[in-house]
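Shared between the two complexes below is subunit A, which has subunit B as its partner in the first and subunit C in the second.
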Partner chain A sequence: MLSYIARRVAASTLVLFLVSVIVFLMVRAAPGDVILSKIRQRVSPEELEVLRGRLGLEDPLYQQYWDWLSGILTLDFGNSLYREHESVLGRILDGLPVTVELIVIALATSVLIGVPVGIIAAVKQNSFVDLVARIFSVTGLALPLFWLGTLAIVYGTKWFGYTASFVYVPIWEDPVANLKQFWLPGVLLGYNLSSITMRVVRSSVLGVMRQDFIRTARAKGLAEHIVVGRHVLKNAMIPVMTILGNQIVFLLGGTLIVEFLFHLPGLGFAAFEAISVRDYTMIQGIVLFLGAMAIAVNLLVDTTYAWLDPRIKYA
Partner chain B sequence: MSQIAQVDETAAIYFEAPGQPRTRRAARALRFWARRPAVVVAIAFAAILVFVAIFAPQLATHDPISTDPAARLESPSSAHLFGTDAVGHDTFSNIVYGARVSLLVGVLATVFGTILGCLIGLVSGYFRGALDGLIQRIMDGILSIPALILLLMFGALAGRGLWVVVLGLSIIIAPLAGRVMRSAVLSERENMYIEAARAVGATDLRVMSLHILPNVMPVIIVLSSITVGSAMLLEGALSFLGQGIQPNDPTWKTSWGAMLDPANIAYTEQQPWLAFFPGASLALAVLAFNMLGDFLRDVLDPHLRGLFGEKQ
Partner chain C sequence: MAEDTNYWQRFARKRYNRRRLIQMGAIGAGGLAAAAAVGCEGDDDDATETATEAVGEEPGEETQEEPGEETQVEGPPEGVSEVLHDYRTRFNYRNLANAPGQSDEPVSGGTLNFSTYAGVTGWNLTGPEGDTLASFAPNHFNGLLAFAQSDFNNAHNLYEDIQGDLAESFEQVDETTFTFKLHQGVKFHDIAPVNGRELVAEDVAYAAEVFSGKQDPTLGFAQQPIFSGVESVETPDDYTVTFKFSEPAAYFINSLTYPVSLIFAREAFEEGPEAFNATPIGTGPFILDTFDPPNVYRATRNPEYFRRDPHSGLQLPFIDGFEAPMLLGNDPAEEAGFRAGDLHVIWSHRKTNFDAMFEAFDDNVGQVTTPPPGYQPFMTLKLDKEPFTDERVRRALQMLINQQALVDGPAEGLADFGYAQDFSFFGREYPWSATDLAAMGANQYNPEEARSLLEAAGNPFEGRPLKMLWPILDGLQHEVFTLVADFWRQGGIEVETDEVPAAELSRWSTALFGRQWGDLDVIGQGFAGPGTDPDQYSYGALNSASARNVFYVDDPELDDLTARQRSIFDVDARRDVLLQIAERDLAQAFRIWAILPYKLSVRRGFVYNFVDTIHAWAGIGWGTKGNEVTWLNQ
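This part shows the complex of A and B:
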């Protein structure tokens, strides 16, 4: 077990390193740089040269990479190239609460809808409830989030008197105003995911219910609700954890659409903005951070899985 | 029990002895489809979509990028079947051309991405060792960057337009296909017949292409049929953000995602239909392809049911 964890940590570190290389190279392979975006701010050609040199854009690539990486190792993500006085780490820390709050609401919605509906659909397989749940799951997967969001804003305002506030309020300043702002985008994100959760829960419960020990439990005369509650669910929930891990990884970038629609300054939106002005340090910092989070979540899920299910041998 | 019966029946349709009376085979086929009305509807819808995409120029009632200032924000009528937008684009004609983009991007990205992923997975799973380890870590790396953000970065690098979106999506699909392919190859290569082929002197290339590839084909078909819908959704999201296929694109005219661009939708207050058609078209198209994917999985490979989490 310990050696398994050690190996997974080593592999994850390698993956993180590769992400940093991929991001670094992709950003620099793009034509044009932040200087071109700055031309709109009326900077003279001489000033541009000085600026390029000062931002390190004239250095050879390996030098630029090393400067960046050694900075990261001391938690110095550098400053934005576009707005020179904004620190990248500061922007990440500003955006993180927004993205995390959206992820929490979305995940809660996904579980609160997906798990109970999935269980009921499986226990009453081929019933009317099951049919409705399956239709719900198949359609939930197909509805584009950017359309749902648009409809919610447009028709919500028109028919239900919903007013989206487009000025971000942090939760620690005014929890009520903050939740008013966040619940709808969070729930919409979660609704999309709940159809996947439901599918997985349903098939997992169905799989466990076919096993011998469940037949034994029934044969010794246990009531059905005890069989399901005590024996089936405990075993059926392991795959659900994997799917929730996947959903967190998806949500790390998946919040971009609702952040864009609902004017929430989260990490996805920050990356979107940075990419459009070629702000190298900002893009690198945010994407590396999101990648690191994704890798950490995967690592956590894998090790928990190995711990929960000792039958699996990891070669 | 019913599952076994169903698989038997499926097999019977495809592998029935040619000597059987035609009427019986027809009756069986009829029963097979009659049991799956939803799949029949999905196939019909996908067929209509393909038809619309091919004959878009003939079906469009107006030029999708010409504007008509006299007919702004119209409701659906006989002159404008789905109404018009704020500058007088005919919505129906745009939807028709949008079908082209959505289908083309969804299918091409899936095909390119799956082929690329299969090659990677095949090499990785067949040779194993250090090469396999490195390839897998690179794939993990690509997968840990959020898909939409990776697409945006790729767009900044490669420019705009349909082919860039296709290529970007292929890069995201390849690692997913590669993973599935690799594990299929890993389990396949343990079989005795592979060892036998090697013993009689077959080269690696021959073993991979003639022995392993045909046997993992059902997995690939099922995987790619499930990917098409997701690729369509991502293209829509990218165009919605203004970074995919642009409105008024000289070749492709428009995309369903681009039609939902906030600037375009800003007038929904005055014309509620504006936001409806593009999103509904995309949702229906994705739904049809997802249902086709589920169906293909059930027919081609019943073992895979657990893998993607559906009915057992």
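This part shows the complex of A and C:
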């Protein structure tokens, strides 16, 4: 197991290196740069050169890359090129609690809705309940989050007195105000994801229920809730673990829409803003950080398989 | 005070000259007919005309009114729709003086909540973001001059309302010499390295030197056009500053009210760009608490602030501070914030939204304000590229656009025809009407004529699409650009459009400011200024040597005219030249015009002195003098 983890970590390092190279080159291939995002009047090529030179953008690419990478190795992500006095790592650490809180609420919602509905839909396959559950699921997949979020904000305020503040309050400062801000975007995100969770749970449960050992359990005279609760669910959970892992990875970069709509300054919002102004160091820092998080989550999910299913061995 | 006899006071007293009106026969005919219809008497020196007369003014006619005068709704003047007349009358700034509680003495205290944007990266007044900082920096800094702003000012003609800011008084000694007497005892914020020391004349001289670009030509992006002509700055004592120009500078005094020429301390600047950028250390009404994009901008009252309210004599600022979530551009969140009571004011882009917000609370106060010429959706062409070098092609593109349909459609009636010249300099409360523009030689909607012109130019778009790019900055602008492309398609031109979402805004900036157009032909624009003097719309925008000429207009006739108007102190003579500039610009269709939408804002009934004017946009904080006179009575 340990050697498996060591190999994965080594491979992850290589992946991160490749991510760093790709993101470094891609952001520079896009038209425009941070200087042109700041100015509001025409400047001569000479003035542009001076302004770019101050930010090191006139250095050769390999020099810029090495300067950045050598900083990363000492956990110095550098400063934003757009807001020059803002540290990239500081912005990441500021945005991380926002994104993590959204992910936690969204995952909890996804599990709380998706798992029971998926199980009921499977157990009551092709019944009216199954039909309703599937419509619920397809609806969640079909409704775009930006539209759902906009409706929730506009009509939530107009008709239901939704009054969450649009100034972010950290959970450690005022938990009640914080949860008032986060519950709705988290639940909307979670509902969106629960559709996938529900479908995976349903098909996974259906697959397990057709296994021989389930027939044997029933033949032994076990009550249906015991068959489902003790035998089906435990075996059906591995695909669910996989999908939850994928959902975490998706959410690391996928909270942008709700962050923007509900004005929550998370990592998605930071990345979006950085891309719009070609803030190279900020984009590189955030993407690399999210890449490392995604790799760590995948590694965690993979190692959890062995705990859930003793049949799985890592060579 | 020498203000009583200076040029600008004489300017303010001057009546608008009819000579030009006569020259512009069509304007006069249309305008006088409208004026006759509503009984306008523009030459009456009595300053108590009714509001009805004001809205029925003939083109170029100056009107003066007592604030608080009841506004009567009558039929609209020619060229003004019923809905526009209704809104700009019912929600006219004059009515603010009648709002409940307005006659009470201002109350100190409370936190103002409004929405702002994250469009600035720091506080370096001298850097490339100098213009953008006009929305933020006046909260923390002062300039030499400002224009008056309160619910009681005739804020629509700022040339009547120039007032001292850091300057206690100012004097135009001659056409090249301007002297300012500074207030004594003005303190910088108590932040290192300045540590609350007194502002003196030397600070003004130092800031002016940096702004002029003489110290470093890459500094003073926003201020160079104002200060580059300064030959010397003298400081005979700690409270007197004299600017000497090499050429007559008729634009100087007005331009100083443009809220970018803000005075900073030398030691703060010399700390280095990073420190100067990180913390605003000025003399302004508020001290920065938090600037945390994209979350929130907060500031608290400066206890040492030097100014007093000119009306009540009370200490400014009235509010303890402000909290501004950076929500601009996120309309649902802004509207939800306003409905929830978390925002005290809201700026809407459309009539529908304005109506909805206005009805959200019973005590709401609405304001429909004449827009600044500097913000309107229009198109800039690649003027050095075939076929746009051909005047016939440019004119045809303008003639294919049905501006009236744009006013009636996306703007829901609350817009006039677009053109960026400072109409307030002509004593006008409202923008040029369609009739005025036609008389000034604007190319009017005429698809048949447009087709003839294109044919005469050899049908340059046959087999060659016209490529257009615009940014999605606000919904109304986006719709206007979409419809403009459709008008061109109706004229037989194949148009390829590309909308640049916020995440690709850098691409648009690159194309426009960096002149890396690639194969683009047309760019949809929103900013045609800004400015507080016609110089910024004439020399700034149209002179081939100006850094603000991002349209790359290169026309010897305009070069001559735009340079000439800078040194003309005679108001009528300068207006004449400005009209010649407008006529040349419009006739040549160097830029393609669409509409000029009105500013629509709603504030809660307990908010006072949070006003929009032509040149101050409370919604985005631009030119609002840092909200220093705003007060709350909750």
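Points to keep in mind about this one:
Here, the second predicted complex is superposed on the first by the 286 of 315 C-alpha atoms of A that agree within 3 Å, B and C clash if a C-alpha of one lies under 4 Å from a C-alpha of the other, contacts with A are read in each partner's own complex, and residues count from 1 in each chain.
Basically, contacts are C-beta pairs under 8 Å (C-beta built on N, C-alpha and C of every residue); 3 or more make two chains touch, one makes a residue touch a chain.
Since we're looking at a predicted model, the values are computed, not measured.
Touch criterion met: A:L252 reaches subunit B, while subunit C stays clear of it. Once chain A of one complex is fitted onto chain A of the other, the partner contacts of A:I196 are limited to subunit B, with no touch recorded for subunit C. Shared-chain residue A:L93: touches no atom of subunit B or subunit C.
In the superposition on chain A, A:V154 makes contact with both subunit B and subunit C. In the superposition on chain A, contact is made by A:R278 with both subunit B and subunit C. Using the contact criterion defined above for the overlaid structures, shared-chain residue A:R83 touches subunit C, although it does not reach subunit B. When the shared chain is aligned, subunit B and subunit C each come close enough to touch A:F260. In the superposition on chain A, A:A11 contacts subunit B only, with no contact to subunit C. Shared contact residues of subunit A with subunit B and subunit C: 30-31, 150, 154, 158, 260-261, 272, 275-276, 278. Contact residues of subunit A toward subunit B in the complex are 11, 14-16, 18-19, 22-23, 26-27, 29-31, 134, 138-139, 141-148, 150-151, 154-155, 158, 196, 199-200, 202-204, 206-207, 210, 239, 243, 249-250, 252-254, 256-257, 260-261, 268, 271-272, 275-276, 278, 283, 287, 290-291, 294-295, 298. Taken together, the subunit C residues at the contact with subunit A in this complex read 118, 121-122, 127-129, 131-132, 217-218, 221-222, 273-274, 277-278, 292-296, 323, 325-327, 330, 332-333, 335-337, 339-342, 502-507, 509-510, 513-516, 527, 547-550, 552. Put simply, subunit A touches subunit C in their complex at residues 30-43, 47-48, 50-51, 54, 80, 82-85, 149-150, 153-154, 156-158, 161-168, 260-263, 265, 269, 272-273, 275-278. By the touch criterion given at the top, residues 137-138, 140-149, 152-154, 156-157, 229, 233, 236-237, 240-241, 257, 260, 262, 265, 268-269, 272, 275, 278-280, 282-284, 286-287, 290-291, 294, 305-306, 309-312 of subunit B touch subunit A in their complex.
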